[in-house]
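Just below is one structure, and these are the notes that go with it.
Letters A, B, C and D mark the chains as written, and numbering starts fresh at 1 in each.
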Amino acid sequence: MKPTTFHHRVPFYETDAMGVVHHANYVRYLELARIAWMDDHDRPYREYVAEGFHFSTTRVEVDYRRPAVFDDVVEVTTWLDWVRGASLAMRYELKRGPDLLATGATEHALVDTAGRPCRIPAAYRGRLAALAANGTKRVRPPRER
Amino acid sequence: MKPTTFHHRVPFYETDAMGVVHHANYVRYLELARIAWMDDHDRPYREYVAEGFHFSTTRVEVDYRRPAVFDDVVEVTTWLDWVRGASLAMRYELKRGPDLLATGATEHALVDTAGRPCRIPAAYRGRLAALAANGTKRVRPPRER
Amino acid sequence: MKPTTFHHRVPFYETDAMGVVHHANYVRYLELARIAWMDDHDRPYREYVAEGFHFSTTRVEVDYRRPAVFDDVVEVTTWLDWVRGASLAMRYELKRGPDLLATGATEHALVDTAGRPCRIPAAYRGRLAALAANGTKRVRPPRER
Amino acid sequence: MKPTTFHHRVPFYETDAMGVVHHANYVRYLELARIAWMDDHDRPYREYVAEGFHFSTTRVEVDYRRPAVFDDVVEVTTWLDWVRGASLAMRYELKRGPDLLATGATEHALVDTAGRPCRIPAAYRGRLAALAANGTKRVRPPRER
């Protein structure tokens, strides 16, 4: 398992009238961290895009524990959970110093520019499988969708 | 169970370079539907806010099935799943005509303006409990957090 | 001059930690009103998009006078200011009841899907010119850009 | 005149279905650069906030010349244009390498937590005036508002 930690300084425009970061922005934070993980361990996401691929998001979950406020530096740590023939899953921890702010998980399906599901090319999948915390198998059966 | 359906016409600014609605926006759609549900069945959310309360979001999950595109009208149907002493949960279905686009679920804790958890005042809680699909009990044990 | 007024109810996610709508969202409000104007007076913007055109935004200005808050209904009135061979300009007034919240102006260039500037097809341009407050001529010389 | 350049790597979620950064996001880029400028030359904006002040945005203008795309690094250079008793103005250039993407300008009024205009405390104003490209005087008369 090879995690990456992305540092995000909270802009004012991500806060809401409760005085904290609006919860919808955390889904964006996961994306920022995912892109950084690909830079570090896979390849820049723009290379997938240049080849006509996207990792479409098929599931998001976030559990919120403590709020972040303007100008906090949020550390988003992410790692690859599992990879299958046409999809993969990431996990996330969001912290501010020692404080756990939130945890998250996402699932993604490889699609072409028309949005059709594609198998992950074998070369990429092998590389990804070697990085996955739970290899190519799932520890828990995913929900059927 | 008393659902509310909120209609949202997709603005161009919610699309992304895949040509579809960016997945993070669905978390905002859930909020729009939740506010409409409170208008219809509870009371306008601004009244909670005026009294110094917020329903802080403690968990979000979304499963994405089909993409929405610019100018689609997305129908977000939401209902109250359960209510407890200081928290409640909502469920969501997002459709475009007959097509199911996504499903979602959120959990919320009542907090004061300083962000401290509060018990839901008894009068509101009684009214909410009568609206909940699963009353004041949970059908599934929630994860400990 | 044929204006259109679009009503926008302020979602919580558009507020910021000052307790008001974050100023960047007003640029989105202008887009919502522009789309509504095209529905009413020109043709649905999705028809331009379906033909491979976009009205790319080349200039935005907003003057802010009074803040809007959560759950306000903002009325955005917009009209076509002028149209030229390959571009057009819109003007905007944002009100809440009798209160003027902001004024705005935008300019747009017609582009194809590759982003290249295009002349506005004559049939559309004629129709647009008839709608423009200042016809095909400008009352003030625009800044050279 | 003391400019600051802020580097912003374009996230996927800021792109739109034209395949480029949605124009409303540039207003956010200006804010990011402004905050960085205060860090470098004035003092961290969070210190104003901690004292109960905000620089409310009273005017925004952006001229767009070339689009930015996913994963571009946009360099936003900003400087203080002028400062008056209760307001100030910033200017901006957005570039990608040698290419000018956009220029912008904003005006801000100091307000308290209730949103009431305040005079900029003399000590801060003196420091700001020394940094302003056009000192405490304006080269062009601003529009009366």
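Basically, a residue touches a chain if its C-beta (ideal position, glycine included) is under 8 Å from a C-beta of that chain, and two chains touch if they have at least 3 such contacts.
All values reported here derive from a predicted model rather than from experimental measurement.
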- Task: Specify, for the interface formed by the sequence copies chain C and chain D, whether it is same or different in terms of residue numbers shared by both sides, with half as the dividing line.
- Result: same
- Could you find the chain whose CA centre sits the greatest distance from that of chain D? B
- Using mean C-alpha positions as chain centres, tell me how far chain B is from chain D in Å, no decimals. 35
- Query: At what distance in angstrom does the C-alpha mean of chain D lie from that of chain C?
  - Reply: 23
- Task: Let me have the rounded angstrom distance from the C-alpha centre of chain A over to the C-alpha centre of chain D, please.
- Result: 31
- Query: Which residues does chain A have that touch at least 2 chains other than itself?
  - Reply: 12-13, 17, 19-20, 24, 28, 31, 49, 70
- Which residues of chain D touch chain C in the complex? 17-20, 23-25, 27-28, 31, 49, 54, 56-65, 67, 113, 115, 143, 145
- Query: Once bound in the complex, which stretches of chain D touch chain B?
  - Reply: 12-13, 15-17, 19-20, 22, 24, 69-70
- Message: Under the stated contact criterion, what part of chain A meets chain D in this complex?
- Response: 11-13, 28, 31-32, 35, 44-46, 49, 70-71
